[in-house]
């Protein structure tokens, strides 16, 4: 009994950890720049493909993939913001959605063209493969309890990323400016702070986190051209449930969703729609989301 | 007879009292000005009246009916229209369409599913819209897209929009702010004409004392969230309390 | 805003007449431009869908990414009616469209309180919720991944609904619905929808119950989606689970924007273009047709927000200027 509850809990946390990684960048970009990036899922997908390619290349390997993919995605994000998104700040919001949606299609179809429509095998590295015997460490577990090692590593990476981002925002001048920008970007502009340069970095940072999600999460999800869209919807819901523009909200919502899915897994009919049901309840009873600021997007 | 009664209305913003026990009575048919230094709570009061803000305590009666807790459109349907400080109009629609919207809202109430209405039954509304545009002097520009109007004309358009709704009480938030001398004079004349013609009650928030004293029948001075002095224009001229209120904040401004 | 009624109706006769003429004669010319029988019916069905979508996006200014919910709900209910009740299409279509209307009230109530961005996200989410429900939760009814199969040949008073019969049925429905859309747009109700797009706050402070207009505008667009979904089943008696998917929602977004929203004509043109591109042009381009389409779509959003209609009027302006 205790074993199954513990495993469900662990699975919930681990699912939540993936959702956090994917939705954190989305929430950051939305909260700071007010841009809803429909191509965010596609960024995750690109990162996963890059992960496969680099980790399996002769010149590459897993270590290189872990380092390179987030960097490449950061550069990609910079290019995307400078080359595309910045022209859309003054356009209607729907245009931002449309153009990022178009980009998502183009990226998806391009990868389909290059790699085919099928799922690419994405093997975990040796040091991350196999299982971990949890009962060796946790005395309250009864008998033999094991968990895939990679999923535990993924969870740890996710938590470290969250901590890193929060530290960056909390303890650096850059973070101070970004947080101020989330409150009132007009004010910052009046203070003469070069917002547009910071916008580019924030955008790239958000995309880079999707890169971390792609390379670490790829082995447990799938790597196929449809994966971006598959993850886009739940990460939107995370942002809605957590509160538009709230990073702590996104983290909290991710784990709530992960746990809800995990604990309802015994009833498949429910597990498939539980995320939506939570979102509906939130919309009905707390429209600004769990931790959304009053008046923001309400 | 009082058309608007504000009783003991208080509103705090995080410990800062924007309004503290504000009391105000507006008589029907008058032009009533609300003056006071910046931060006195004039905008907060207007926002409470139109349903944008909910006060912490107090009552507001409009034509004897409670206003608080009602949605903005309901308050408007009761006969209270507001002209905003920065012109709020339908930018990408024609001048005539702007006013026609208000005319339909006056005729149909808050909602009507009139998807197949023909122009002949809509004609009275269009005529009303044209007439109102004529009143504010925008008839010639009726086919222009509203965003192409000058700032002064935009404000006139918003007035037309509010007037076409047939309000009993018109709230005007700094109707001459940022206007050139000649435009200000025109606006004064326009407001005077509207008041004489339709007997519409007006509450005007204004900084330009020239406007205030040439239009108002009654003036209330607001400072630090409460009414500190009120009376006819003659009584208010040189009222020491009013001068003190303005001087007191001069150093801060 | 003409003063006389006769002038008002005349305003509609020409475009609706031209629309009818083009559609009705399609079987005679369509194959000369590479089309084939059946594709014309599909184009007409998508045109109906796109008209309704434009009322929501082009006039009211709300970008829905979940309109498959209404197309799909109607398609499933139409299919279920044909399968379990009667092969007569009239009750099937009626139930299908009504189900889409009910769904629109529910989803609209939940999503429309929010701003544009929020609305797009939420409609996408609710659309995907229904998609995942037909795939798993409701699969005993919907056939899950396989879709709803084994439907009888749809009938209309002893007439088999196949080939030309379906084509002319959809064309007649499309003409009527195009006319209705034009009337809605030029009515006071349509003016309110445009005002919502322009300035919701001002409209609220003009005494208009904005929320109800938004909900009804949303429901009207869902009716068009529902009619299109039902006709799709009459055209091809099989309900695919993709009818509920975001791909379908995305498709109607793409065609509307390509054609030019807020014009009714643009999205219809976009619908025709997209299906033609998908089924005819794709033969020459091959597998990558969607990549090309995606690129065209992006370029349109970036450089030509008004779509084909804007391009057309720009070209026209240039030609007129040149002739002077």
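Chains here go by letter, A, B and C, matching the order in which they are written, and residues are numbered from 1 within each.
In this text, a contact is a pair of C-beta atoms (placed from the backbone, for glycine too) under 8 Å apart; a residue touches a chain by one contact, two chains touch by 3 or more.
Worth saying up front: this structure is predicted, and the values here are computed from it rather than measured.
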| item | value |
| --- | --- |
| Chain nearest the overall Cα centroid | C |
| Chain whose average C-alpha position is farthest from chain A's own | B |
| Distance between chain centroids, defined by C-alpha means - chain B, chain C (Å) | 43 |
| Centre-to-centre distance between chain C and chain A (centres being mean Cα positions), rounded to whole Å | 33 |
| Where chain A and chain B are represented by their mean Cα positions, the distance between them in whole Å | 48 |
| Chain C partner contacts - residues on chain A that touch it in the complex | 34, 36, 84, 87, 91-95, 97-99, 101-103, 105-106, 108-110, 112-113, 229, 232-233, 236-237, 239-240, 244, 268-270, 272-273, 276, 279-280, 283-284, 287, 297 |
| Chain A contact footprint on chain C (complex, rising order) | 57, 61, 63, 65, 110-111, 113-118, 120-122, 124-126, 128-129, 132-133, 135-137, 246, 250, 253-254, 257, 287-288, 290-291, 293-295, 297-298, 301-302, 305 |
| Chain C contact footprint on chain B (complex, rising order) | 50, 71-73, 76-77, 81-82, 84, 88-93, 96-97, 100-102, 104-106, 108-120, 122-123, 125-126, 161-162, 165 |
| Chain C to chain B touching residues, read off their complex | 1-5, 7-8, 183-184, 187-192, 194-195, 197-199, 201-210, 212-213, 216, 220 |
